[in-house]
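In the two assemblies presented below, chain A is common to both, partnered first by chain B and then by chain C.
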Partner chain A sequence: MNKKKVVKIIAAALCAVLVLVLALWFLQRLLTPKYIDKNEEGLLVKEYYDYAGGNDVLFIGDCEVYSNFSPVRLWQEYGITSAIRGSPQQLIWHSYYMLEDTLRYETPKVVVFNVLSMKYGEPQSEAYNRLALDGMKWSSVKLRAVKASMTEEESLLSYVFPLLRFHSRWSDLRSEDLKYFFNTRQLSHNGYVMRIDVQPVDYIPRAEPLADYSFADTCWEYLDKMKDLCEKNGIQLVLIKAPTLMPHWYDEWDEQIVKYASDNGLCYVNTLPIAESEIGIDYTADTFDAGQHLNLSGAEKLSSWFGAYLKANTALPNHRGEADLELKWSEKIDRYYEMADAQAAQLERDGKLSGYWGD
Partner chain B sequence: MKKSKKILIALLLAALMTVIALTAGCGGNDDPGTDTGKTAAPADKTAAPEEKDAYVFKKGDVTIKMNAPAEPIISALGEPDHYYEEASCAFEGMDKTYTYGSIDVTTYTLNGADYIAGVVLWDDSVETPEGLYIGARAEDVARIYGEDATGKTSVSLKKGDANLLILLKDGVVTSIQYLAIN
Partner chain C sequence: MPFVSFGFIAFLAALMLLYYLVPKRFQWMMLLAFSIFFYCFAGWTSLIFMAVTILTTYFAGAVIGRMAEARDSYIKEQGAAMDRDAKKAYKAKVKKRTYLILSLCLIVNLGMLAVIKYTDFGISIVNGIFRTNIGYLRFILPLGISFYIFQSMGYIIDVYRGKYAPEKNFARFALFVSFFPQLLQGPISRFDELSQTLYGPHDFDYQNFAKGAWRVVWGFFKKVVIADRLVTAVITLSGEPDVYKGVYVVALVLFYAIQLYADFTGGIDITIGVAQMLGIKVAENFDRPFFSLNVTEYWRRWHITMGTWFKDYIFYPLSVSPKMLKISKWSREKLGQAIGKRVPVYLSTIIVWFATGLWHGAAWNFIVWGLLNCLVIIVSQELSPLYQRFHKKFRFSNTKGYNVFQMFRTFWLMGFIRVLDVYRDVPGTFRQVGTIFTTANWGDLFNGSFLELGLGWQDFAVVLAGCAAMLTVSILQNKGQVRDRLMARPPVVRYALLIAAVCLIMVFGAYGIGYDSGAFIYTRF
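Moving on to the complex of A and B:
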């Protein structure tokens, strides 16, 4: 075989490989959920990389952080720069690796961890793993996060190549899969997911007694790891329980967190007992789903109170007046109120919210 | 056709075959958006276990079986005193709680339908079909269910796809709960 033929065969092989790679990339991009028309919270973890850097406070946790805390309000009232790395039913090992991943981009001065996820000692659902991990950029941190999180039915390879997980979505493809093939929409405001509608609390089910109120060993291990990682990086760790009424937060659970915080010199605040009296939460007006999450007015009340708490218990600077940050945050504020206005318009028009963007 | 062109076509076909093989349809739920967080459905929802094969609770004439379709049971139970819906953080479907005086009935959603997730007994005005009630003694648990509860704070009994959880304090039953096993 002469040299020319060898070159042609190699070129043909490279061409075939290129076609294969492009086809696989195309299919993966097409079939991977876009999280625009439903399950929009699937956008959150990936969005962080757009606002990474320069955040003095990092919130980590489940919907109790991304629905309840407004970084815009913290900026407006206290000049605190903050970001939320939340995802639906984020488990504590997810949160730990969110922190590790964040440290690849910035070192916040304060990390706020919402402790509700201490109740889960085992992975609950593959779907929530996907929402927490698929959006995370690849690194050794993500590799360890996936290994720590996978349910028995999952494979590491399906995280490396999501096409292996989503390949049969072809029969469920929707218009958003084509419309947002290249681009996506920004859902959050530095991680905060806004809802302005109201569904008041009129009844909370009785909390059934549990056979065992102890948190799982694995949860304590990850809380220790989180504490150690914060210490190593000079970060103050603050523990919080957001003031949402469901799921139940048992006194027996709270006592364990109080003791842990006390033993380790950490700040911990359970906002449930003070939600109405000190924070000013009105459960007939400040929640969009009968006490499970706060709406915008509730999140702003909580953030106003929590900003003061942070000022009193940490050494966070006030960045108001710094020109570059004022410019950066004014753009965020504009978008924040645009979304609030769009939701209000949709509520008035349709009587209900059908999406976060109000369109 | 030149040999190199044949090779090129063969390689391209191989590439396309690989793609087709990878994307060949599989069954199952491949969209996290339709996952309600429940791990798996019982094999056949329409064939709920017979009463003798699983723990059930009875309220009047209504038998409440774990993992049974909720609609006919809730309808038979009538208007609840209270009702609460708890959505998952992101996904469709609701965990629902129906309060009927001294019992709470909870349901979960799977593939668009509701199923019985549990029953909680709250006071001694109700009892299990076998006769256990809140306030009964640990000896009663042993007599009724054959499980020694002396000195224990909880007893978990499994039969069929139901878990009967009995909590005790100082030798007295303080809580009785039926939990669906998925």
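Moving on to the complex of A and C:
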């Protein structure tokens, strides 16, 4: 084989590899879920990078943070800049690595961690891992997060190349997969997921006694790591239990968190006992799914109360009046009320919400 | 390390790169190192069993070879001083010794295989007959043991027969036994054939490499897109025999036939393709078996290397063994020429098929499967004069339409025998097949019931398209290798097709969560 022919073969092979890579990228983009009309919360983790930077408070945790706290209300009432990094059933190691990831972009003054996920000592489901991890930008932090989170059936490679996981979606492809091929829709308001509809609490299932109330060692390890990371970066860690009624938060669990907070000099507030009396939550009007998550009204009540709590227990500045921030937040506020109005209109028109965007 | 894994693809890429970069005289050593590395993934204990086979077979071969050399030089030295009878007596004496070495080697290796593979089966028989409760030992079958032991035993028997001289270099022999592409499911290679290309040296040959790569891609397509997609339906249908009767049994026969074909031939395509990319020629194991007109032909075209192994190392030696000759003589005398001459042939055939069944697995379903194949072959043989008369009388028997009917008949006949493999219960299998005639549920074909077997209509569409692709390729092979024609196309067309094939496998492959693409059916044999 002469030299010219060899060069020609190599060049052709390289071109083919390039085309193959492009084709696989196209397929990956096409087949990866867009989270527009189903499992919309899959958008949350990725959205953080749009509002990263300049947040004094970072909320981390599961749906108990992204459904229950409104950064817009915290800004409006207290001039607190905040963001939420939450995803459905976000486990404590997800939260820890999200905190680490956040520190690559900004260093908040206060981190608020919702403690419900202390009840899970093992990876729960591949689907929730995907919702928590797929949106995270690639870095050594994500690599460690994936390794710590994977269930037995998962593989690291499928996180690197999501096509390996989602290839079988070819039979579920819908028009939204093409429509949102290049762009997406913004779901959250600095991480807050809004719902304005109401489904009152009409029944609270009896909490079954547990054989063992102690949290798993892994959870304590990650809570320690989170505390140490905050200390190292001069961040005040605040622990919280949001005022949602289900799943049940046992007193025995609460006692362990109270002790941990007291031993480590951390603020901890369990909002459940004071939800109605102090915060003003009305479980017949402030929840959209019978007590599992708060609706907009509930989230705003909780945020109003929690803003005051933060002001009293931390040294957070009031940024109201700072021109650049006012401008930035006014845009967020506009979007916030636009979505609330759209949901209200849909509710009036259809009697129910079919999605978060109200269209 | 499973073939269908990214680890294997990375392993291959590293091997190919190093293989063609190192000086050519080191290529086979590189291959040996990679083969051992590959096998290490099966666990250290598996490696020990393979080491026993390599050591015993190599040294037995070396001793037999040396004895044969010493015999020849002694006879040569003696020259005219040794008369014909003395030579014959001396040769017989040496043969007795070499036979002893051969026997020891066979006993060690086949004994090892028997203990690991068949002890629990033996215990179950003893427990069944004597109503004892002996506990099972549950040995873990080392990866590929049935394949490499049979390959090694073929070698030692050939050396004993003087077909070729034993391999002198231990490492080269170790490569022959451990050559990684054929470890998982064969083919069972012959030393004289494989050694011609196994040890190189090999220059990088673009045509050969590309053709090998195409075959690997085709193998992946068959395995991942077709075979693994059908697994769910096969497991559902065979897992609940009380629910899935009648038409579902027919469907199971069809699905399993396609699954096994795509799985086994896909694996062999990967094996042969990888070897071809390395410049090594591995024996073909299939010749479009579903085009066979009868069962005998089918077995000439399906798992060819196993069939020829049993023929060369069991059937022929058995047929001409002194005991069989005695039986032949006795049967001719007692039963007459016509029947008598068939007795030793059929007896050998029965033994071979019994052994073939047993080789596939230590269970009654495999033994019955082997014996049913044997029964069909013997009955076909006996009826062949009748067939000939029929073919002479009716002209249509030579038409294409009749040939298609014969293929169809052979396909379903083999399918119904093969279904023993999935039910794994002999009486249960016969009962299930019986329900085809007693359960009137053919309407289920059209009322959507088949979409509740774990596969949606889209999955069935993929399988159908995959089968159409396999059929098209098989028909095109009548006019020579499809890859040859592909290589004659302009590079743009070739690469476009390759990219499309890779994308098809990536998207339509049944892999990832919920699938076990790594496992090949024949790996468990």
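Everything that follows uses one rule, which is that the second predicted complex is superposed on the first by the 352 of 359 C-alpha atoms of A that agree within 3 Å, B and C clash if a C-alpha of one lies under 4 Å from a C-alpha of the other, contacts with A are read in each partner's own complex, and residues count from 1 in each chain.
Assume a residue touches a chain if its C-beta (ideal position, glycine included) is under 8 Å from a C-beta of that chain, and two chains touch if they have at least 3 such contacts.
This structure is a prediction, so every number in the text was calculated from the model and none was measured.
Shared-chain residue A:158: touches chain C; no touch with chain B. In the superposition on chain A, A:211 contacts chain B only, with no contact to chain C.
Shared-chain residue A:189: touches no atom of chain B or chain C. Of the two partner chains placed by the overlay, chain B and chain C both lie in contact with A:167. Applying the stated contact rule after C-alpha superposition, one finds that A:247 touches chain B and leaves chain C untouched. Of the two partner chains, neither chain B nor chain C is touched by A:301. One of chain B and chain C touches more residues of chain A, and that partner is B.
After overlaying the two complexes on the shared chain, residue contacts for A:88 are found with chain B alone; chain C is out of touch. Residues 9, 12-13, 15-16, 19-20, 23-24, 27, 31, 126, 163-165, 167-168, 170-171 of chain A lie at the contact with chain B in one complex and at the contact with chain C in the other.
Residue ranges on chain B touching chain A, taken from their complex, read 3-4, 7-8, 11-12, 14-16, 18-19, 22-28, 30-33, 35, 37-39, 82-92, 97, 99, 104, 120, 122, 153-154, 156, 165, 167, 174-175, 177. Those residues of chain A lying in contact with chain C across their complex are 1, 9, 12-13, 15-16, 19-20, 23-24, 27, 31, 126, 153-154, 157-158, 163-165, 167-168, 170-171.
Within the complex, the chain C residues that touch chain A are 6, 206, 456, 458-459, 491, 495, 498-499, 502-503, 506-514.
Residues of chain A touching chain B in their complex: 5, 8-9, 12-13, 15-17, 19-20, 23-24, 27, 31, 33, 38-39, 41-42, 62-63, 88-89, 124-128, 130-131, 163-172, 203-206, 208-209, 211-212, 246-247, 289-290, 292.
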